[in-house]
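One chain, chain A, appears in both complexes that follow, with chain B as partner in the first and chain C in the second.
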Partner chain A sequence: MDVEREGGRGANQLRPMDCTRSVLSRAHGSASCSNGETRVLAAVYGPKAGTKKNENPEKACIEVIWKPKTGQIGKQEKEFEMILKRTLQNICLLTAHPNTTTSIIVQVAHDDGSLLPCAIHAACAALVDAGIPLKYFAVAICCSFSESGHILLDPNKLEEQKMKALVYLAFPSSVRSVLTEGSENGEESAENGIITSLTHGVMPVDSYFQCLEQGRAAVTPLTNILKKKLQSPSPINQSAAA
Partner chain B sequence: MGTSTNGKVNDFSSDMEVDAFRRLFPLRFHERHLAESIRPDGRPLGKARDTTLVLGAVASANGSALAKIGCTTMLAAIKMEVMAPTVEAPDEGCIAIEFHMPPICSPLIRPGRPAEIAPVISKQLSDTILRQEIICHYLELSLVSGKAAWMAYLDIYCLDADGALFDAALLSAVAAFSHLQVPVVSLNDDGRIVLISEDNIAAMKEKEPVNKEKRKLKLDSVPFSLTCVLHKNHILADPTSEEESIMETFLTVVLDSSSFQLVSLNKPGGPGLAHTSAIQECVELAKLRVKEVQKIMNEATSDMEQD
Partner chain C sequence: MESKPSVSPSSFVDQQVFPGDVVLDLSKMTNQTIKLGGGLHQDGDFISVIKAGKLRFSKPNKYWVESSHKRYVPSVGDNVLGIVVDARADNFFVDIKGPMLAVLPVLAFEGGTRRNIPKFEMGTLLYLRVVKANPDMNPELSCMDATGKAGEYGPLKDGFMFESSTGLSRMLLSSPTCPVLETLGKKLAFEIAVGLNGRVWVNATSPSIVIFVANTIMLTESLSPVQQKIKVENMLQRLQ
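Right, the complex of A and B next:
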């Protein structure tokens, strides 16, 4: 598939990704994630005692606060908050800290497309940095479907606007899970499932499954990058050592 | 209570009243039903609740509909106003969509504090209805290029929230659009747009109405949706609020009624994962449901025309 993309990228080529943890000193856990020009900062506070009203006290409660780059929080941000919250509910071991609340604050520093995947990575990295027990990592990707039927991965803002449809997907990372729950549930392993799916725009059903396949192919390389970035020492620790 | 240690459900349920069992072990209660491929309300897993649709429920609105899926009730109404179009799009009208959840609809919603889910459903409805001009072309809402266009205010009120809110909201919204009667307007001597009321036929003869033909919006393809709950290997179509709160993984498929193209496939996280086979099954269920809802909608429209 020959598609002209800005910066000479191939259809399946992702933008350079970076992830740094422990960027804030006061937060219990923090991380900054960038994906090309898109940049998101996440901070974790908690687990704090007690859950919010109407939440199950037998499980940990997760609270997400989304801060846009400028202006007031709107419907779009509310939707991202809800999706991020429910995605994190999937990856966290909620029974490990019952009757507690963990707040995740997401601050958008720059939006140049694929914002939600970048925020999911930042939130996961911040949770890891805070030492919150996770089942696995959420690896997210944005696929876009063009008028001519091409699928481009990780579109930037300009490409997002030109595209016919967008698919945001979050997969569990390809790290072997310590839980055996997935294996006893059936023949399908956790790696085949999706945590989150969000689409914008009309597309044929088959194209959605095509996007799913292409997105899934990117999970293993993305997992490896994130793992490597998280293993490297944080900048605060480095300066302390020096 | 020694039976709890060996994990056998049977021992428990036999010496306990059904209602008590349902309240104390809601998940087990539902899982025992699922094992028998039936749901507590007697439905098979893949069947949606009874759906009714009444058009023209609000007399003062230009278009309105009351949709009921089981107990979930949604009232949608459209009000049309004339506005000046933007400079960038002089030939386009505008649709503003708002979803309301008043405290009457659910015990979980307290007065004074807006429901968290309401703006999210509002956003999803706008995305579904406005994107790709599924419902209508904005061009149809134009009156005089660059001078006047229609602004449609669509408000959807949730009267009873018993699960699958998005499905019911979308159905009521689409039905309200199908019932919409665009008011007749004409240009007066100052070049302003004035409404012509139905009883003022004389005025209609005097001045040529601007929109003689465009009284109804063309609806060639409309979106319909189906929400499914995923629990282990089971797929439950059209969950009630009880099912939604116990099995928290759900997936909403929105399909186009004419070409069955995918308008939206939304799975907002949740404790479970969705496998490709399960997604395919949900899409198949949604296809069947779209045909069913289309039939209900056609019946409601023909009933309306007879009246």
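Right, the complex of A and C next:
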């Protein structure tokens, strides 16, 4: 099952991931996330008063604007906006600030494959930076299915074009918990969940489930990397008055 | 998962926590009343974190997540700096950097009656106290303290207001006096008003002092107390 990949990567190996928060000084929250050569910048504004017309006023509303690197905004961008909005609606605690709108602007700096997972990470990191209440992180990964039946994780642009099918998966992040006896159940219920699944192309059902398993296996390491990168930048001094 | 059953909360206290982490299991803590502050959410029997930050515990029973952001979550009793956005018959609408516009009743002033309603223009800077802060309503403010006296509340004239994060405001208001303000106060004379919503107002006799104090405060946000003192002393030396 040895597949030749650029740079000597294994079939299950992900590209180096990096995440920085508070990159923009005027946005209420911002983050820049890179996955190999793919780079995405996300900015969060809000929560601001008022919801849009057809949205439920008892919950917070999330608005996503996707800006591609070049070209006009078309159907592909609208599709990304809708997917990102649904994913983020799942992870945000919408009842915390009812009747407010939070705007997330995603700017693609460079697309070298695996763009949607990178954007999901950037948006999550920006939400954490802005202090929007979240239930958990979303951790996303791209699996690709090749003609010869191999599954490659995190393909770059060239590999993506040669693949027969692509699967984008977003899972809830693994959490640390103080539960001891209930730890088995606690971990299961969080890790068995899936937030988003998007497929392009044709693949057999078994391969899809295999992609799911491989993606789920990557959740814990990805969560740990994200958490490490999102550590608070400045030491907050102990405030007895607060 | 090597946390001990009855003292498990201590494993997360004073540590960085992220959204989703379960920090308290209420089924193991019977006969206790716990008070939850910002950043924590109750999910049945579990208390989970909804904001990233440091988990803090204060005896006997208060838990909260400390984090620093550019937006403010209104809570009762806080002193904030607000900017008047609109004036109506009964209230002023004031922006306090929160999710919703806050409301300042026209009679919430010392000795306020229908005859002597203050006239605030749009853009007036006010020092106010948060009276009501429910999540689904506009927060309500007041220009009086709890006993009904004006105190220091009201419009702030002259001076310069700058915005920063809530963490910086808490640092400036911490007791004992924050090293930055102490060191600055020994050499310069200035007036300062700190709002817990991330706004700071500085006033002094000459503009150069105002600019110096504002810049110094903004530069010392991410420094430890010792570093702050050193930095401020260096800058004071360059000033003279």
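The criterion applied here is as follows: the second predicted complex is superposed on the first by the 219 of 242 C-alpha atoms of A that agree within 3 Å, B and C clash if a C-alpha of one lies under 4 Å from a C-alpha of the other, contacts with A are read in each partner's own complex, and residues count from 1 in each chain.
In this section, a residue touches a chain if its C-beta (ideal position, glycine included) is under 8 Å from a C-beta of that chain, and two chains touch if they have at least 3 such contacts.
These numbers were taken from a predicted model, which means no experiment stands behind them.
Look at A:172: by the touch rule set out above, it reaches both chain B and chain C. Contact with chain C, but none with chain B, is seen for A:46 once the two complexes are overlaid on the shared chain.
Contacts of A:203 after superposition: chain B is touched, whereas chain C is not reached.
In the superposition on chain A, A:87 contacts chain B only, with no contact to chain C.
Under the contact criterion defined above, the residues of chain A that touch both chain B in one complex and chain C in the other are 172, 186, 190. Interface residues of chain A facing chain B in the complex, by the touch rule stated above, are 54, 75-76, 78-79, 82-90, 94, 164, 167, 170, 172, 185-186, 188, 190, 192-205, 207-209, 212.
Listing the residues of chain C that touch chain A in their complex gives 1, 3, 5, 8-9, 11-12, 16-25, 41, 46, 48, 50-54, 66-71, 73, 99-101, 135-136, 167, 170-171, 173-175, 221-222, 224-225. Put simply, chain A touches chain C in their complex at residues 28-29, 46-49, 58, 91, 93, 96-100, 128-131, 133-137, 172-173, 175-180, 182-183, 186, 190, 227, 230-242.
On the side of chain B, the complex with chain A involves touching residues 108, 116-117, 119-120, 122-124, 126-127, 131-132, 134, 232-233, 248, 251, 256, 260-277, 279-280, 283.
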